[in-house]
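Working notes for the structure below.
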Amino acid sequence: MTVNVIFFGALIDAAGTNKTEVKNVSDCDSLKSKILVDYPELNNYKFLIALHNQVVKDNLKLNEGDTVALLPPFAGG
Amino acid sequence: MTVNVIFFGALIDAAGTNKTEVKNVSDCDSLKSKILVDYPELNNYKFLIALHNQVVKDNLKLNEGDTVALLPPFAGG
Amino acid sequence: MSDKKKHKVFVNGAISPQFIADSIAKHSTKTSIGAHDIFLGQVRNDIINGKTVNSIEYSAYEEMAEEKFHEIREAAFVKYNLTCMHIYHSIGSVKAGEICLFVFVSSSHRKDAFDACRDIVERIKINVPIFGKEIFEDDSFVWKENTE
Amino acid sequence: MSDKKKHKVFVNGAISPQFIADSIAKHSTKTSIGAHDIFLGQVRNDIINGKTVNSIEYSAYEEMAEEKFHEIREAAFVKYNLTCMHIYHSIGSVKAGEICLFVFVSSSHRKDAFDACRDIVERIKINVPIFGKEIFEDDSFVWKENTE
């Protein structure tokens, strides 16, 4: 199973890319752990995870083709 | 002693003039009584009295040449 | 009395959107500003006893009104952390749909602008001797009274 | 999804005073409006570690941001008695002194406009995934974070 991951703002600088694919993760917590291994610099950043345009608080299950966004602190306004 | 009285808004319509002079009144209460005798239509209107650009709440003494304003309800904004 | 006293509040007739745009544009050089709150009062075509308001004819005890505006202004600068503030109010005829009040408050952070703008508008409604004749389509009228 | 969804929030670069004037002018035909509250966010030339901010480069997760703006908009129409509401936010570069956020709320009476405008601005700050790179005179930068 493949999940798309997209980065924004400071996280693009930290990850060195604005997107990646992650395989063999079934939920948000395991995705997050894998991302932090693949992009260790992200350990120094605050971020939220969003799925289907909503911030994820619980450990939601992920499905094939889902896009997960990693969002640094907001600065709108 | 003469005091100037000025009317505004609806009170001009009610009094039929925008100003008058009142003689022989020494304080705001006696001025008000005299005005209501001279312009009985004003008994049907709500108004405040202002002296030196401030609304008068107490029965202030009046001096020669003072101008007292009769102010109907405000509608600014 | 401070220079601020000289700021003229009353404008003849409606306040135009262009006047508002020009006021906003003038603030681009004040780069410590982070937040503007602008309140605009617009004349409503209220229906009163079956008749529709076409316009409001504003009059004022101008000398006292200018002093009250000045007091409101000074009190706001004491109470809130503001960069600048402008108040304009129409005198004379303003048609329904046109703007009769323009309160423009600027500060570094939004809280001051929001708090001050609202406070100023409330004080104007309560304390400034401005009178309004609501004129109907058939030229009859009633005298407006602030209640909201 | 309602037609309101189609309202485009993001504008490229700064929001001009003329754009704001044109928005205000369009409301003169809505004669049940008595009060407008307009919030403008302006880019400050903050000094951070001795360096002065020249501009902010805004980016966003646009798809999610548009959905969040839509949610904020719908919630405000449910909660307050509003005639209309418009939200515009810059994307891309906005210089210090220029306007990056324009929230425009109109209602019959001032209470709804004031309450709604402030509520909307707070929700935008908290809920909309917009990111800002504060760029200094020497082209170095820091990432901005809403705190106020």
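Labels A, B, C and D are assigned to the chains in the order they are written; within every chain, residues are numbered from 1.
FYI, a residue touches a chain if its C-beta (ideal position, glycine included) is under 8 Å from a C-beta of that chain, and two chains touch if they have at least 3 such contacts.
From a predicted model like this one, the values you see are computed outputs, not experimental measurements.
Look past chain C and you find the other chains held together by touch in these sets: A, D | B.
For the pair chain A and chain D, the distance between mean C-alpha positions equals 26 Å. Separating the CA-averaged centres of chain A and chain B is a span of 73 Å. Distance between chain C and chain D, defined via averaged C-alpha coordinates, is recorded as 23 Å.
Residue positions of chain D with contacts to 2 or more other chains are 41, 110, 121. Annotation for chain B: residues 77 touch two or more other chains. Contact between chains, using the touch rule, shows up for A-D, B-C, C-D. Listing the residues of chain D that touch chain A in their complex gives 41, 56, 58-61, 63-65, 67-68, 89, 100-101, 121, 124-133, 143-146. Taken in their complex, chain B has these residues touching chain C: 6, 8-10, 50, 53, 69, 71-77. Within the complex, the chain C residues that touch chain D are 17-18, 20-22, 24-25, 27-45, 96-99, 106, 108-111, 113-114, 117-118, 121, 148.
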